[in-house]
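You will see chain A twice below: alongside chain B first, and alongside chain C after that.
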Partner chain A sequence: MFDTQSLAAMTELIGIGVGRAGEVLNTMLGSHVRLSVPSLREVPVGELAATLGGRSTDSLSAVEMEFKGDFTGCAELVFASADASRLVDVITAEVPSLEGDLDSVRAGTLCEVGNIVLNAILGTIVNEVGAELEYSVPIYLHGTAKDLLSAVAVGADFIILVSTRFEIESIAVDGDIAIFLTLGAFDDLKEALRRFANG
Partner chain B sequence: MGETGLLEMLPVGIFTIDVDWTITFWNRKLADWTGIEAVNALGQILHRLLPRFEEDSIRARLDFLMQGGPPVVFSYQLHEDLFPHRGDDRIQRVRYCTASSIPGGGIIFSIEDRTEVAALVREAHEEILRRRKAEEELRAALAAREMTIREASHRVRNNLTMVASLIELETLRAETDAMKGFLLDLQTRVGSIGLIHELLYRGEPGKDLRLDEYLERLCSTINDAFPLGPGRAGFVYELQEISYAVDASVYLGMMVAELLTNALKYAQLPGRKLAIEVRLCAVGDGRLELSVGDNGPGIPGGRIESSNSLGWELLESLTKTLGGSIRIGQGPGALVVISIPEKAKGSV
Partner chain C sequence: MRKLLVIDDSPTSRAIVERLIGATYELVSVAGGAAALEAIEAQRFDLVLLDLLMPDMDGKIVLVRIKESHPELPVVIMTADIQDSTRAKVLSLGAEVMINKPLLKDNLTDAIELALGRHAGASD
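Let's look at the complex of A and B:
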């Protein structure tokens, strides 16, 4: 479990990262994008499916990026597929798509959005706590919460779940950032966050 | 074969830059796609050769990557013209670019061509749009047809109401009881058909009629219109929810109207409230039974054949048309049971 100090530090760093992601999206899209983080919490691995999907059969779209080094794990930005589709439509100013699922071109667009958000968050954490990581190329995933969980190759003991809200033009889309960590990685991150908090 | 030799053979566009943003590798596939030969790309500063890379949003992300940050992707929809197309390439190419940092410094860019996949997706998308449009047109045509049917039913109902009113006027002028009775029967028959059209007008065109609802409305309408003596008849309904073909329902309606008129005319005993029971139910073997009974004196002679009135002839004729049978049941008063196929004949 996070202690109060490391939780506050993590919340602060994710807030900074999300702010940076919002700036990049604003500049790139030339329209006002507001990114906010309503909550951050730890979720037991067994409860993730219910937390993400609502129902276990819900179709989800995610961007996943693995990392290894001082902490080994994986980060996913997850949306309900219909929300992901709406987000891509409004970002690209396309006519609303016909189906909830994303085709390969639109999945590429979601991949870039996820890449910007995950890079900003992971980059901020890594820079501020002075860690070193290597990253995989981000990939697009589609399936149920169970499918997404099984795609996490590194294995996970802890999940940090960050609720995010994208507000673009007249729509608001909610997504979740899930950071999967092994027990060792989680302890290392906590220690690094404590050091960061103590200056 | 060295590493760069392998990169030359890949079916994706590859180029690299060093920490000074100078292009250090440019493979054949990329030269083929962009029309920029390696000799003209190598040694060039990235954003001078490809000006889009100077944009703040792109440069900021690559700056971070240059410092060892996570890989960066540039999607087609958000960066359509990141790379030029060769002069004779008239097809808009769909490309997806991934940039990763190189250990020791620099960035490697990998560009995938997804044009064929995108074209397939676009074709599928257009096909779906075409089908949806056709579906919408069909729906509109169906709605127009339904509107026409409703309108027709509405007009028929109004015309039949007018005919029934004219008959009623004639009833007032009729000089004999026999003539009055004849006209009243006629008015009831016309009214029973008019009621069907009213239900059709209010219901869903093309669908079967709810026979139970129709029969209850019909009985109530006839009872209200009939000039019965003191106190009207009391009705007991046992009607199973059954949908039936409209044409066949018209005939059943006329039969019930006939039986009801008979009961209202002849079953009323002095000092006793007339009670009429109407039942409709499925009895198995693909049959339905419709019965009308009362607490009157019963049918004279207890046999249908004993009557040669127009009413009985009508009942027999309509029952035959529906592929059914008619019999006198065991009751305190008159009880007529009509047995018909559960599924009405296609054309009656």
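Let's look at the complex of A and C:
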């Protein structure tokens, strides 16, 4: 588990990363994006479904990106499907030349959003702690929370669950960001955070 | 009009590039590294816009192949990856410029013109 110092450092880094994600969403959407202060919890995998609670049976849309290197794991950007649709509508309105069926446009557009948002957060963390990651191509997932969790490819032991709310002018879009880490990666990250916190 | 090859597996990203600079440059878009290498052998381009994270071939490998076969062809990397180590790596592999997504018209145009200018300067 995170000690107090590491948790504070992680929260600070996530806050910077989410801020950067907000900036890039703002740029993508051409619209002001307000972000709530992200909350951060570490959750054992077995307790995640219960942690997600009311969302466990909801239809969700997610983008998943695996990473390896100094830490191994994966990250997901998760939206309620209705929120994802509103987000895609805003972006595709800006690029009317997009061709293809609705599902592929939706998946492709969400993957691009996820790619940029997850990179903003993970990239901020690794740049600050002097680490390096290689990313996989982001994939689109659709289903309940249980479906999404079963699709997590890495044998994660812990999940850093970051919850934040994106507010895009007149449409409210809720988004969750989950970072899944193996136990070894968790220890590596804690050590890196201690170094970061100690300057 | 300058002719640019756009290499990106994301249709959304290719459409955004088209919307931003389609009126300024002649664009040929492909969805992966293999198609890109074929296009470069078949046509003459003034510059390449290259994504890094692609399913058929890693963008860094595409970059190396391009620089091996066409060292004179300037390459601008456009990626969501903001890692300092990634920037250092692609520049060491011969990319002229790296810019981060999301793309803005001014940033993209500036990167293209900077890369074209550097190439012209290197050729003088």
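The rule we apply is simple: the second predicted complex is superposed on the first by the 179 of 199 C-alpha atoms of A that agree within 3 Å, B and C clash if a C-alpha of one lies under 4 Å from a C-alpha of the other, contacts with A are read in each partner's own complex, and residues count from 1 in each chain.
Assume a contact is a pair of C-beta atoms (placed from the backbone, for glycine too) under 8 Å apart; a residue touches a chain by one contact, two chains touch by 3 or more.
Predicted model only: the values in this text are computed from it and were never measured.
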Which of the two partners, first being chain B and second being chain C, lies in contact with A:E112: first, second, both, or neither?
-> both
If you stack the two complexes on chain A, which partner ends up touching A:I91: first (chain B), second (chain C), both, or neither?
-> both
Scan A:T124 for contacts with chain B and chain C and give back first, second, both or neither.
-> second
In the superposed arrangement, does A:A172 touch chain B (first), chain C (second), both or neither?
-> neither
Which holds for A:T27: it touches chain B only (first), chain C only (second), both, or neither?
-> both
In the superposed arrangement, which partner chain does A:V137 touch: chain B (first), chain C (second), both, or neither?
-> both
Which holds for A:D103: it touches chain B only (first), chain C only (second), both, or neither?
-> first
Of the partners chain B and chain C, which touch A:F67 in the superposed model: first, second, both, neither?
-> first
Do any residues of chain A touch both chain B and chain C, and if so, which are they?
-> 24, 27-28, 91-92, 94, 98-99, 104-105, 108-109, 111-112, 115-116, 119, 123, 132-133, 135-138
Residue ranges of chain A touching chain C (in the complex, touch as defined) | 20, 24, 27-28, 91-92, 94-95, 97-100, 104-105, 108-109, 111-112, 115-116, 119-120, 123-124, 126-127, 132-133, 135-138
State the interface residues of chain B toward chain A in the complex, per the touch definition above.
-> 56-58, 60-61, 64, 68-78, 94, 96, 98, 100, 114, 117-118, 121, 125, 128-129, 132
Chain C contacts chain A in the complex at 9-13, 15-16, 18-19, 53-55, 80-85, 101-102, 104
Could you pull out which chain A residues touch chain B in their complex?
-> 24, 27-29, 65, 67, 88, 91-92, 94, 98-99, 103-106, 108-109, 111-112, 115-116, 118-119, 122-123, 132-133, 135-138
